[in-house]
Amino acid sequence: MTSVLLSVLFQLVQLALVLAVAPLLTGCVRFAKARLLGRSGADPLQPYRTLLRLFRKEAVVAHGTSWLFRAAPYAVFTLIWLAAGLVPTFSTQLVLAPAADLIALVALLGSARFFTILAGMDAGTAFGGIGASREAMIATLAEPAMLMVIFTLAILLQTTSLAGIVETILGQGVGLRISLALGLVSLLMVAIAEAGRIPIDNPSTHLELTMVHEAMVLEYSGRHLALMELAGMLRLLLFMALIACVFCPWGIARAGDGPLVWLLGLVTFFGKMMVAVAALAVFETSIAKMRVFRIGEFLGGALLLGLLASIFLFVSTGFKG
Amino acid sequence: MLNGAVLVLLVPALFAGLLLLVKPERLAARLNCVGSALTLAAALSLIVSRPQSGPTLLVDDFNVYLVVLTAFVGFTTSLFSAGYIADEVRSGRLTPLRLRFYHAMFQAFLFTMLLALLANNLGLLWVAVEGATLTTVLMVSLYRTPAAIEAAWKYFILCGVGIALALFGTILMYLAAQPVLGSGAAGMTWTELLEVAAEVDPRILNLAFIFLLVGYGTKVGLAPLNAWLPDAHAEGPTPISAVLSGLLLNVALYAVLRFKMLLAANGAAMAPGVLMTVMGLGTLLLAALMLYRRRDVKRFFAYSSIEQMGIITFAFGLGGPLANFAGLLHMALHSLTKSAIFFAVGHAIHAKGSQRIADITGLTVSHPALGWSLLLGIVAIAGLPPFGLFMSEWMIVSGTVGASPWLALPLVLGLLLGFGALILRAQSLCFGAPAGDSRPLQASLAPIYVHLLLVAAIGLWMPAPLVAWFHSVARLLG
Amino acid sequence: MGEIGYDVAHLLGTSILLVSFALLYQRRLTSLINAFAVQSVLLAAAAAWQGWIQASPHLYLTALIALVLKAVVIPVALHRIIARLGIHRTIERVLGVASTLALAVGLVALSLALVLPLAGEAAALTREDLALALSVVLLALLMMISRRNAIGQVVGFMSLENGLILAAIGVKGMPLVVEMSVAFAVMVAFIIFGVFFFQIRERFDSLDVQYLERFRGEGDR
Amino acid sequence: MGRGPVAALIYGGSGVAALLVTGVAFAFLIQGDSPWHLKIPIGPPGLGASLVLDGLSAVFLLAVGLAGATASVFGWGYGRDGAHKPGHHGPAPARVLPFFPLFLAGMVMVLLAGDAFGFLFGWEVMSVASWLLVLSTHDEPETPRAARLYLVMAAIGSLCLMVSFGLLAGPEAAFSFTAMREQGVGDGLTALAVVLAVLGAGSKAGLVPLHIWLPLAHPAAPSHVSALMSGVMTKVALYGLCRILFDLAGMPDWWWGALLAALGSLTAVAGVLYALLQDDIKRLLAYSTVENVGFICLSLGLALMFKADGKPVIAALAFSAALLHVLNHSLFKTLLFYGAGAVVAATGTRSLETLGGLIHRLPRTAPLLLIGSAAASALPPLNGFASEWLGFQAILNGPQLSLWGLKVGVMVVGVFAALAAALAAACFLRFFGIAFLGRPRSAEAVAAQEVTAPLQLAMVVPALLCVLVGILPGLVLRLLHDAAAIAVGTALPASGSLGWLWLAPVGQAGGLAGNSYSGFFVLLVAGGLALLVFRLIRRHAASGLRRADAWGCGYPPVGPVSQYSGASFAQPLRRVFASGVFQAREQVSMPEPGETGAASHLLRWRDPAWDFVARPVWATVDWLAGRLNHLQFLTIRRYLMLMFATLVTLLAIMAVLA
């Protein structure tokens, strides 16, 4: 009984934690990038201020948009928040863990994207359409690629549950495998695409023809925009947390661990996130955005890597029978 | 001496003579119906009380079934013909003299077919088939158009040669029997021959069968001997097309089957089935492919008849209780369906004033009752449920697969090719916007309905006595 | 008597076959008809001879029918038709004479190959007769397909019937029915042919079958 | 189609009968009875026909019954909506009414048949009735070709099945399923029968490349018939496949499953790519059916492989995934076709490029279609996701297969399945987004009016069920127990700790542990969080809302043409996926600066199924027919020659043989 209560508690903490940390993470990435580019950069806490201001502003809605346009930010935000709440950050003891495994997680992200795209198409502007159509194309490749990575993990670790994956890696260990390396690369590529980072999409661009995600949320303002932005930040966090949790789970508290380990988990989580921020900032400053139609090749590569990862798995485990 | 079998022959013979003398066309048409009805009644009496087979006339399950079928389709055709011919007279295509001739020939044709079915003597059988050829040649040339005369000429020459070859086969048959049965009529009597079939020289039997197959097969329309059939169907009056397709082909096949039974009864002779399956398949495939390029609606359905005869021949060639049963069923259902289709086609031609498929479109729009009947007829002949041809086709395919699976491939291919063409035409005939002018329809469609209802009823449920009957015939056929 | 009977029957049958070759060989219509008449006479003789050796009188009747109808009436009628229609042309053949005759020899060989191995039960006489008759039938068919002229085809058709009768008379005790029917068929056939010739003359002014075939199949091809 | 007492009677009767069928099937599944047998007096002589209801047929019967009931409601209301719309008039009632019940009856007959004859009889009745229903729109230009192709393909399928059944029945002619099950025929013949069954049932279900008829025929029919054809007739075909491959043909070989899975993967991806290229909304939906059939076949293939490999529990998992998807697809596809029908009734057009902004004009239809689109895109917590999730779980068990090729093959199948799912989402985004969002692209779309209550009712029922099945798939899985037991020998083990709230398939029975999904909790938590967010924003954030012109990066507002169209939405996807296989090419011609002519954009693509399968076959038939046609025009002499040749050939053969 206590374990159930505990897992409810952890779940609530986790939900609050990701919500609280996400803007900071984005702020840190922006800050780091600015520093790497030699600019002084905005305060890492700036995203909080921006969001607050947006929430206080009046929302302007385009003529001819429907209820879907107004409902979408809530749906998108909720779905991503929920998804982010499912990825173990500091403890695997999450009450919702059994309700949605990795596949469901991908699908939740997919649902969020579904509504984002619909919202982009609702106003009936050319830019909304551009963003929607490109996002749809990216998604059709990124999702299968991510699923392939998941398949690899699932076969290797005998589970698709995130908590289970962490437990297995921490419990019995898997050792270094070429499949895992391939899967990591593939997942990184997917994460870049899914979170809308360079070279797939530039989150800070407002150059009309290069926008993807920005184009879809172009018509949003006020609280709607705030929700959409926050959702974007959560997504970035989610992917960082996901990669950390799967490929570097050390530090995450498991069932039966005491409060000290929980605290340790929190600290290591922050540490991992900062490493990820730094890595992302370095990567983004060192690479240019690619043409839209090359995205297909990029993500197709990710998909193939994912498949290759699962096939290599057979090769390496094959001799063990 | 005056038993049912004799009556069946006597009535049409008498009416043929009578109709030569009757001038008023309406009366003649009615007398034609009456004669056919009486024939049908006599035929039905054969079911109830079956007379003894004599040296001349043979009555058994097999031919009673065909006699009843022939008399029935003859009767409904005469009903259809009454309305159809009246229209022809109105439009001036037929003169009263030719009309008189037509009615007399109709009865004479019925007579020859019934005689062929009932004959126990191989010579008599041959004479009857020859007579059927002659009467139909005259009917096909009835309109005296160049096309009709050419069709008749083609028909006459090809079937004349065929019939001559059949006679040669018959002589060979006697030659084979003569050493066993001695000289005289016994050597030509089918029942006697069947009893001693095991003792006769198998090689003469083989030779005879080849001539008989090519000879009577010409009349069945087996490929590549089928050339006369489409033209004869297309250029003659439609009622004649109906009986040609529905009845004459059956009679010719019946003759082949009688000889097949003789061969089967002789253990040492070749298996006649192989020849029949091969020719049946060839016919099926050829006719099915020929269907695609047809532009004349009657030729189209004539080729469909060839296709169906191919299927039936194949089924009988395959043999065995299942396939024989299916063949018999298919034969009967094809007669009913194809004559119904020709009735409908006849009406459609009158309504549209053309035989070209391109001129007949959208029948369900312009003449709903006719259009839907024609469509249902085609659906039936294509082997789709709820019509009985589905059942018989299913039995044939299943029987083939059970007996020799690889034969199913060409069979299914042929069925499919024919099906495609039928559907192609069914749609263009019955659907779309109606082309050209169209006259309202006066004639009754009742014969079509009756035929289609029968075919559908048999497709759903066969009465037990009928099943038993067919089974016994199937056993008879071996 | 067996020997003599066999020899004469064989001689007559062979002669009929020889005339079949002659029929194939003929170029002119008139000589074609004359050859046919000769064949019919020989047939009548064969029938009569068989009637005598088989002691079956009805074969005399057959002989008579053949003699009267096929050797006299029909050839005369055909001559008349030719005269009336004014066609004395030579017959157009499809194959050259040499190849036609080569084919014919092949057909004769085929019929011998088919009939001769038949079991010995059938009397030797019957067997030989059958082989000859089969050859005559096949040659007649060959003639029908190698001539383009309607009269040529008619003659071929009747030669075919001669072959049939030759077979029929060779079999011992073949009932009368058959001959009657053959005669009947020939008669009716002739009548119908007459009707057709009349029709054809009415509409085509030619007896060449090719003209008749203008309406083959679907008129709008 | 039409008003009047006759229509009411026929649709009412069909609806009630369909409900009855649903009830019977449901009751049967709940009870988990042994099969019900009923001998009927019709049928072929000596064999008779029997009706059998068992777990497998009951599942499919459930789908048919439900769809039949809603289609009856929709059909009854449809004519009333479409009839008064200018420029649009439905087909004449007389061309629909007689065949609608016949169509339903045919499908039910197939499912209940206890022998080969009854099965094929129902099958053909189903084909003929739906063919005639397609032809009810015979005056539209594309219908005749579609109908023709449809029936011919149906005939190919039924002949294949006929031969397949014949082979399974063997020389003993054991045509009843009970007898067929008990007797084994040789391996070679069974293999042939299996291939033929895949061809036969596959052509009806729409397996690539035998699908060519489907996207032509399904849309041509009136919408409620399209819904039935797409939603359940394809399922009836799959029933045939299941019945033969899992039940009648005995223990499978590994390659049966491999064949089916390969075809299914190909079909899934190809189907959805086709769908992305379509402009006609009903054709788009029809291609989406192809995709879903592909997914089902893929799962069935997996089930066969696992069954052959002696892993019945995993086979049961894959099989249950397939069956669940059968039910799900029948729900959302009927819903979507009703929606398309509503759009057609409201606007009179099926072209995506002329629609737009319908969410304002069809305020009730739009959310229902949104549910349908989301379900078809496999989004949680709707039903489409539940079955895909199960399917993926089955794929994840691929490594347990003992053959190496299959292990790797299953992974490739997984890629295809994932790709198809993702593309399906894009496809339905395009469908819903272009048709319902944005601004209207034509006068018809501007003038659209909401459809009447019966049509809405027909859509509400499947939409509700989509949600219900999505959140409580465990309940539905319980209904599939008998079917799985029949097909693979064992049912899916009972779910995890909270019973029907969870999908936790294999669990302890070996294989993967701890995998679980609960649509119910996802919906619950997501709904709770959404409510929380909403309340928080209501309370703390600014609540003002102002309408203004769209921003559009500051460009002045231009007409609705400036919106992304269906074709432009698909352009990136087309470039990535369709430029190879489909040879999709675009031609853009821009007027020179200063010229006032219109720019043009031409999109071309080729269909490999037509190019490499259908057209060559037809060309061969046509060539043969053309060559043989000369036989009709020979001279009499040549005909005699043919006769002579036949005779001489036969004689020569005899001479040689003797």
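Residue numbering begins at 1 within each chain, and the chains themselves are lettered A, B, C and D in the order written.
Just so it is clear, a contact is a pair of C-beta atoms (placed from the backbone, for glycine too) under 8 Å apart; a residue touches a chain by one contact, two chains touch by 3 or more.
From a predicted model like this one, the values you see are computed outputs, not experimental measurements.
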Interface with more contacting C-beta pairs, comparing B-D to C-D: B-D
Centroid spacing, where centroids are CA-atom means, of chain B and chain D in whole angstrom: 44
Centre-of-Cα separation between chain D and chain C, whole angstrom: 69
Centre-of-Cα separation between chain C and chain A, whole angstrom: 99
Centroid spacing, where centroids are CA-atom means, of chain A and chain B in whole angstrom: 77
For chain D, residues that touch 2 or more chains besides their own: 632, 634, 636, 640, 643, 647, 651, 654, 658
Numbers and ranges of chain B residues touching at least 2 other chains: 153, 157, 161, 165, 203, 207, 230, 299
Set of chain A residues in contact with two or more other chains: none
Chains that touch, pairwise: A-D, B-C, B-D, C-D
Residues on chain B engaged by chain D in the complex (per definition of touch): 153-154, 157-158, 161-162, 165, 203, 206-207, 210-211, 213-214, 218, 224-225, 227-228, 230, 270, 275, 286, 289-293, 299, 322, 325, 364, 368, 379, 382, 384-386, 390-391, 394-395, 397-403, 405, 408, 412, 415-417, 419-420, 423-424, 427-428, 431-433, 460-462, 467, 470-471
Contact set on chain D toward chain C in their complex: 632-638, 640-641, 643-644, 647-648, 651-652, 654-655, 658
Interfacial residue positions of chain C with respect to chain D in the complex: 94, 107, 110-111, 113-114, 117, 138, 141-142, 144-145, 147-148, 153, 209-210, 212-213, 216-218, 221
Sites on chain C touched by chain B in the complex: 114-115, 117-119, 121-122, 126, 130, 133-134, 137, 141, 144, 153, 157, 160-161, 163-164, 167-168, 171-175, 177-178, 181-182, 184-185, 188-189, 192, 196, 199-200, 203, 212-220
Chain A-facing residues of chain D, complex: 356-357, 359-360, 366, 370, 374, 377-380, 385, 389, 392-393, 395-396, 398-399, 404, 407-408, 411-412, 414-415, 418-419, 421-423, 425-426, 429-430, 432-434, 437-439, 496, 502, 504, 511-518, 521-522, 525-526, 529-530, 533-534, 537, 540-542, 544-553, 555, 560, 562-564, 568-573, 575-577
